[in-house]
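The structure is given below, and queries will be raised subsequently.
Should a chain be cited, it is by its letter among A, B and C, assigned in written order, with residues numbered from 1 in that chain.
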Amino acid sequence: MRKQLVLQPRIKETGLQLIKGYNFAYLDEGTKRMIRRAILKAVAVPGHQVPFGSREMPLPLGWGTGGIQITASLIGPDDILKVIDQGSDDTTNAVSIRRFFTQTTGVRSTEKTWMATLIQTRHRIPETPLRAGQIIIFQVPIPEPLRFLEPRETETRKMHGLSEYGVMYIKLYEDISIHGHIATAYMYPVMVHNRYVASPSPIPRFDNTKMNRMPALQLFGAGREKRIYAIPPYTTVKSLDFEDHPFEIEKWDHCCALCGSGESYLDEIVTDDQGGRLFVCSDTDYCQERRAVGHKGSLPDAVKMAITRVKRGD
Amino acid sequence: MIVIDSLRKSFFLHLQGGVTLSVLKKISLEVKAGECLALCGPSGSGKSTLVRLLYANYKARDGKILVRHQGQWVDMVKAELRKVLEIRKLTIGYVSQFLRVIPRIPALDVVMEPLQREGIAAHNARRHAEDMLTRLNIPQRLWGISPTTFSGGEQQRINIARSFIKPYPILLLDEPTAALDATNRRVVVELIQDAKERGAAIVGVFHDEEVRDAVSTCIFEMTFDGGQA
Amino acid sequence: MSVHDEGPLLKVMGVTKYFGSRVGCRDVSFDLWPGEVLGIVGESGSGKTTLLSSLSGYLEPSTGTVKYWMGQEGLVDVGRLSDPQRRYLMRTEWGMVRQNPREGLRMRVSAGANVGERLMALGARHYGKIRSEVFKWLDRVEIDLGRVDDSPETFSGGMLQRLQIARNLVTKPRLVLMDEPTGGLDVSVQARLLDLMRSLVSELGLSLIIVTHDLAVVRLLAHRLLVMRNGEVVESGLTDQVLDDPHHAYTQLLVSSVIQP
């Protein structure tokens, strides 16, 4: 009940009403405890998929119900939540999830990576390096990296148990055979703590390097598949590769047209039907922070404003 | 090199109402190094059967077939299968009436195979096989073709080449010249004479009396009732 | 490859497999030595495939043991190996060529990946080396190198079977089990496959157990032969001996039933 007391004033700040008749963060405390137990187990065995009793959520499967349940079981009144969808804080998915938590918990939300204590994400890791004490929660559609070659769950579990990971290299082998290089662009498999191969969820392979020895705790939730796995802080995460075709991240010939960054993951934006296009940061918060301290891209300011509005969906 | 003692062989035919055919009754003989024993007798007297028993292609009912293999006497009737295979590989060469080979393998490879099995380098084995095919008048254009397409006489010469390419201490010849013309018969006679000179013990069935007289050092008469004369 | 000459590679003792009250195979015993080819013949339903599955650990025999020579450890009871040990054995020293190549291949990945998989499973992590080994084996089984990145779905039956053989032999196993490898192939393709298997046996010194109902195949390939009927071995011996001088009524029937072309 203490929670409710603390929460009341914050709700007023956001302008959203706390929905009555629901438990804090929607899930009942028993369910949250069950999920936290699964998380503890997942942290204890880095990269290993732990089954959990996934619940029906008031959002459709495929909208990040795995991540939402993890967030719901961890979030407390003092947390500050950030929700991103493909790097952006204001797409439908991110907005819906943020609103869901604001209305069921009343906790503060933020777009600032450095300020957040919990970051729920779909398909990206923020460009701003995460720090110790933060938790990043990934929404995972297919948690099993072996699935595309081995449909039997009993068999994939055995393969994980015995570290039989030769088949993982088939996809990479075929990439090189057909494209001359490893062309897998997202969901690029990683070896966690030299033991379990895990899927990093559909993040671009650009973000794989950020997972290695990250100071923040990384949690992965698959709602439909009922699996949770984790990468504890400072864990070694290695992207699978061949000796003669080492892992490489994507590179662009461009810098961000808005903030001029040459180090971030870029989205391509088609500007007209004449083949015109722009490259801008996928991480909107990172881009804005840079612009706020005076970094400039190649575009005139008026166009920048317009693009920012388009990206925001105004 | 070969000692046969009281050898008996019969066939039990299940499919013909359980008839027993007694083909060989108490055969005993001996062949020494450098000898060529010709088996004689009417058709059906068991000449081919005896040759096949020597090669363990047929199983004897009782008796002994002792063969000198790597300095030791081995009884082909009782020997382990692995031993029999080893004896066939190292000691006994056999020219049968049929050539059984995997289709598609060229004649040259078929002929050089016994040498290769022993671990002789391919180029050496090939040279020997070429010499042998030349000597047996197999035209060079056939060397690269599978013998399954050859005429009867050509197939027989491939069989002979295969068995004479290696100095087997024992040679078993079942009608080696049956389908050959006079020229090639002479070549085979030469080959047999050479083998005798190097000390091979030979047992053969020769229909052709001329060939038999030319190569045999002794004759073993067999009778129709399965005994020896 | 170190081949030991002092004893059998595989020792099968009294292997029996029941399916409920029905007999799959009963009291089968034999030794297989390094470099030896053993044929198992018999009509459909005679227990050949059941025996093969019991040997490979795919089925657990009801009674009897299968022992395999594992170098320094000597003859080891395959049934008592731990799951990881058995799986390791199956992808290193043993190969299994199935009658239906689709069951033995990954149909959704390229021909080259099918061959390379066992290498990668054994820890090969150098693409260039894997690739050249793949080419070597495709060439060995006479598959056009231009097809290396094609899906096996586009291959003919004979090509699939050869691809399956390449996939199994790329890690140079010591024992290969083949279930009707020439079944369903036309004769010219069969001949090519026989030639391939013969040369692989002699070059790699591998031991082969080949289950078939085709007597011509075993005559040309197998050193020794088991004839099975109703789950039991009714006759065994040197291949030519069994085929040319059959003793058991069933073997005589089998041999006399072959149609001569």
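FYI, a residue touches a chain if its C-beta (ideal position, glycine included) is under 8 Å from a C-beta of that chain, and two chains touch if they have at least 3 such contacts.
Keep in mind that what you see is a predicted model, and the values were worked out from it rather than measured.
Put simply, the chain closest to the centre of the protein, by Cα centroids, is C.
Ranked by how far their CA centres sit from the centre of subunit B, the chains are topped by A. Distance between subunit B and subunit C, defined via averaged C-alpha coordinates, is recorded as 32 Å.
Subunit C has its Cα centroid 48 Å from the Cα centroid of subunit A. Per-chain CA centroids place subunit A at a distance of 79 Å from subunit B.
Residue positions of subunit C in touch with at least two other chains are not found. Those residues of subunit C whose C-beta lies close enough to touch subunit A in the complex are 83-84, 87, 106, 108-110, 112-113, 116-123, 125-128, 130-131, 148-149.
Residue ranges on subunit A touching subunit C, taken from their complex, read 149, 158, 162, 164, 166-167, 169-170, 173-174, 176-178, 241-245. Within the complex formed with subunit C, the subunit B residues making contact are 11-15, 52, 56-59, 81-82, 84-85, 100-105, 116-117.
Every residue of subunit C that touches subunit B in the complex is listed here, in rising order: 33, 36, 191-192, 194-195, 198, 202, 219-221, 223-224, 237-238, 240-241, 244-245, 247-249, 252-253, 256.
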